[in-house]
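Shared between the two complexes below is subunit A, which pairs with subunit B and subunit C, respectively.
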Partner chain A sequence: MNQFKMILRLAWRNLWRNHRRTLIMIAAIVIGAWSMIFMTALMRGMVDDMVADGISVLPGHVQIHHPDYRDDPTIANVIAPPSGELLEALGGAEVVAWATRVRVPAVISSERDTRGVTLVGIEPLRERDISFVAGDVVEGEFLTSPDDRGLVIGRKLVEKLETGLGKRVVVMSQDQENEIADRGFRIVGIFESKLAQYEEGFVFAGETVVQKLLGVGDQISEVAILGSDYRNVETLFRSIEAAAGDGVETLPWNEIDSYLGSMLAVMDGFVIVFIVVVFLALSFGLVNTLVMAVFERVREIGLMLALGMTPRSILGQIVTESVLLLIIGLVIGNVAAIATIEPLKDGIDVSIVGEGMEMMGASSVLYPALYLKDIVMANLIVIILGFFASLSPAWRASKYDPIRAITKV
Partner chain B sequence: MSNITFRLAWRNLWRRKRRTWLTVGAMVFSNIILVFLISMQLGMYAMMIENTLRAQTGHLQVQAPGYKDDLKMRQVVPDVIDLAAKLRSEIGSDEIAARASAFALVSSEERSYGLQISGVEPEFETRVSSLPGLVTEGRFLEDAMAEEIVIGSVLARNLRTGLGDELTIIGSGRDGSFAAAVVTVVGVFESGMPDMDRGFAEVPLGFFQDTFYMEGAGHSVVVMAPTLIQVGALGGRVESLLPAGEGLVVHNWDVLLPGLKQAIQADFVSAWFMYGILIILVAFSVLNTQLMSVLERTKEFGITMSLGVTPGRLGRLVLLESGLMGSLGLLLGIVFGGALVAWLGHTGFTYPGLEEMAGQFNLPGRIYPQFSAIGLLMGPMIVLLASVTASIYPAVRLHWLEPVAAMRAAE
Partner chain C sequence: MKSVTCKQLCKTYHQGEVEVIGLDHVDLEINEGGFVCLSAPSGGGKTTLLNAIGGLDTPDSGKIWLAGERIDTLGKGELANMRLHRIGFVFQAYNLIPVLTARENIEFVMEVQGVPADEREKRSTAILREVGLEGLGDRRPAQMSGGQQQRVAVARAIVSKPALVLADEPTANLDSHTAEQLMELFVELNEHHGTTFVIATHDQRVMRYAKRVIHMLDGKVVDDERRDVA
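What follows is the complex of A and B.
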């Protein structure tokens, strides 16, 4: 213990013998640590936002469909509403909310224009908990019941169709007998979404009304289920899948939307790659600093060895110096990163490339997301890899022959 | 004289081999990463632009003002076929074609889908779009008046229809009136882009005009330039050839598809953030090395100065040393980075999950980095510049050096 204390003291004093070099090295570590944490938080924030938006807009964490529905999303592929065992599972503690939907391709026409859309028949009260936040409807009102005869459509679609609140539009689709089914709807609500493609592509009507229009009785296209955490849907998925049985297809969100799913998976890998790359760029400087520190102290190290200090203590001393450097740099870097992210918590406006972000599925405001696990990972990677990087110069120092080292000019 | 400075600088570098190699190593490492990533980005962007523009948009489009935002049936280009023909003969290029498009409900015997239908000139569409070449079953359109349709593969599957089957089109015409027609499926295309394969169809332009009461009008004239760089100049020519008084406008691809350019910009900026960090870390490494190397030579510098060497010249020596290290890093970085890029340009680069993500940007699951001078040189040049800049401080310090005090400095 005493010996460790002595080594620590020696290492600390040695660091400040050449304060310029130490400060430059610390500055480099600070910049490295800051960039690791800052960049990770930005990327995490972007992906989280994308996934959260994607999920809130339609999928839900787990969905149940007719086995053919995903390939052929029409009214032909419907399933019975949940009952029995499934209904029981949906009442379970894992499930935060669930809703049924009838979802079919349709054509909507105003007197001015015609568009292809997805018509979604919903249970308004249940849907509220999954995809619609009350604030999304900016004009008029949200549907009140499955029998509601109104239609809720997006702001962008309203503009394209040159229609407005209270006006009538015609929705055409195909019923189960393959006949064209059409019906006039009055627009009762207009919603806004962060993603323009949803504003343009989806219209919402009462589920019962749509079922009647398409002649499917009480059958539905999908059951959407919301769990507590989208990152961890496995348990929820397993229990729902077991209860839903074999006749239907049960899928977690990351398989329904493979783009978002793979994005989240790739992100985890990318964060590690980024941290390691930055560390490697840093490590050259670190090793260089240690090599110089050892080189200019050759005689001193030889003397210490001659006086009876064990090679292990020499090794320990150099490694301690390196770890001290890293710790100082990391602490300042972490504080700096948190200090820069904190004021940005309310979002960074990137609307200048808004449409590009939308193409990636992200919104035009970036919210950095600081995760403890990312901070811990960045710090651990730097300390552990830094420890190994400093072993080589330290090893060389401990292997000096005392006599040669002392007499070195 | 400068020859001596050069020789001194070179020899000074190798007085401390390990230190020099570690500093050069940091440069080479960053350079390889920069060369690889920048070449990768350039390759990806080129492919994104090319694939996306070739599919439908083209490099330039002549449209009625407002059409690109509203896509309204009545925002037309009058006598579109004649205009396209005129542009073709004036510009002397075949890569110009007229189009019209409408949303319509397309029904087979079993199914109906709402989708975008384009009316195209069969003869010229093949020159401006990759779609005709992607027809995997049957053939592309041939006759401008034929009651024929080419549809996407997913749409064909969803409609449960195939070659030779009839489809009914229902929509509204230019004047808002009811438009309907029956067409025969003659071809099915597979573009690999989910949106197109699921919701897009093409019919001959003449037939489209009759069905949707277009009265000879269309919605756009698509123009392809020989290369992306020539788009701007070509746009000017097309603009000067437009009939006066009709208020038609020419849009470049970045206006037609702002998302594409912005996605590239967003990616570019975030990538440069990372590059910047790498470059700064290398610069710190160089600063540290050069500062140490100057400090340990204090005595030596004191002697040379007392012998009459100016501080300015010693400063240049220090800068030259950094420049030499930087050039070595540049050279090795380009060689190794270039080899990596050349190899990946041959085999392609992929990682798990890339395919799903790439599809979003019309990219294949394997990316081929672009082997280009700019991709090879840009990163390493900046690293070299940053290295020399970083050693300005140690070089300038020499001006404050007192020869007598310096000579007494401890080794």
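What follows is the complex of A and C.
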């Protein structure tokens, strides 16, 4: 392709023939690219936050339960603690952390009030690596061992029960024989959560203490396992599922918490829809610019064809011009997007507009998340679709009849 | 051998209801190394004939051979290739690419042909001097006078040393001195390289150099005058 240099030269010079038009088009591409990347980063940040919160409060990335537990999350549906092959799998490289829990519906009473909650018996040291509770204890202490006799509860619940740190409460549930089982606990720690429902709905006690209370020996409600990336749990899930066997139900987080799971899928789809919509707006401008450019150059295109340049080279010129335009716009747009997102990495306070977002499970501070994958996708979509959009005006130019084009007035 | 042979070329243009005769049963033979002027008043069919010979326009009927090869049956791609490698063009309507400098315009055909850069530069430098545009190689068409632009167009047509040069009113914008310089250049190429020239013109200054003048009127060849050149 010995004409490539000339095609590039012609495309580049033609690009700057109408400065104003070119600059406007570049500005449009810059704004388009910037908004694509910026909006994507915001949305990603929001979803990551929601999912991370959701996962850290409840599921872990993968969970193992009794097959009936999800329909009936009571002490009737318990499983044996991990052993043998499963224990080996939990020691595998993909597993970042894991813990067992006993989880049952319960009633908590102070001398003032009574509430329904979920009582979770935990292995404090293991749980520390998986869920939020340990880190979010703002008053008092977190539990120290499965034998710990204390209770950790949420700030909102403390207020509702009109109780406080160091006070005693009674927790009541049913044991496996459907007999009432109750026990007094001292509140040793109070946690706060971004989500009101967690602060009100969960109380944490030592696992062994809860097992004793409910008379289940060493049996547990669930094993929660954390991998390295919530978007990529498939391998982890498969290896755990294989090791856990058929007697239990093994599920990835997005199936356990279908709200979070579908939210993530919807957001991923939304990101692509957004990019495509922005692109469509851009492509109108792009195609229009090229049609104008080709129309203004009918005579010289005719001349080049008459002198023996191939139609393919003419097509190449117009497409190259368009791609140059896109590249310039994208480079500036990318730099602008990264430059605006970087300083906002520490969080954007959207609490003014964020009341409703908390209900959706998002926090009122947004942390934009810039993923290389998203940047690459936005750029590729613009370049590839831009290439195809420019084919039509370029094709038309290449089909000109040289003599008619050259004598056009 | 014949450089150009035309048999019974006809071309009719349709402008709405009106039919305009472009070429009317033109028979023509031009020898290799010929130096031929097509002379006709405006609208006589000169451009139409040059376009047919140059493979830019297909006649309604009739046959055309260039150097023994039938061209009116060739496909678009083959015609483009033939134009690129065998014919030098000076067009009447439009000649230069505005975003290229004089030198780049001159080198355009060679570059499309794939002539190496140093060879192109050597030849374009020489031809710039020969057409009297030394030092103006970096100017763009918009920065040159009509006559200078015309000389760039001529330079481009001959710089690639084609076997046949088709020039449509090449001296239209030139003063007498430059016109004569150009004609001297044509003659020299004609004599030293055997390049065949077909020049459409009604300029007496040009016709003085012709070995043969073909007179046309309303698309017909009306006279074929062979001369001993002065």
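Just so we're on the same page, the second predicted complex is superposed on the first by the 400 of 409 C-alpha atoms of A that agree within 3 Å, B and C clash if a C-alpha of one lies under 4 Å from a C-alpha of the other, contacts with A are read in each partner's own complex, and residues count from 1 in each chain.
Keep this in mind: a residue touches a chain if its C-beta (ideal position, glycine included) is under 8 Å from a C-beta of that chain, and two chains touch if they have at least 3 such contacts.
Source: prediction; values computed, not measured.
With subunit A as the common reference, the superposed partners subunit B and subunit C fit together side by side. Once chain A of one complex is fitted onto chain A of the other, the partner contacts of A:Thr144 are absent, as it touches neither subunit B nor subunit C. Touch criterion met: A:Met6 reaches subunit C, while subunit B stays clear of it. In the superposed model, B is the one of subunit B and subunit C that contacts more residues of subunit A. The gap separating subunit B from subunit C at its narrowest, counted between C-alpha atoms of the superposed chains, is 12 angstrom. The touching residues of subunit A, when paired with subunit C in their complex, are 2-3, 5-6, 9-10, 13-14, 17, 299-300, 302-311, 313, 402-403, 406-407.
The residues of subunit B lying in touch with subunit A in their complex are 16, 18-19, 22-23, 25-26, 29-30, 33, 70-73, 102-105, 107, 109-116, 157-158, 170-172, 176, 199, 258-267, 269-270, 273-274, 277-278, 280-282, 284-285, 287-289, 291-292, 295-296, 351-357, 359-361. Taken in their complex, subunit A has these residues touching subunit B: 18, 20-21, 24-25, 27-28, 31-32, 35, 39, 42-43, 71-74, 76, 105-109, 111-117, 159-160, 172-174, 178, 180, 258-259, 261-263, 265-266, 269, 274, 277-278, 280-282, 284-285, 287-289, 291-292, 295-296, 350, 352-361.
Listed in rising order, the residues of subunit C touching subunit A in the complex are 51, 56-57, 76-77, 80-85, 89, 91, 93-100, 104, 108-109, 111-112, 114.
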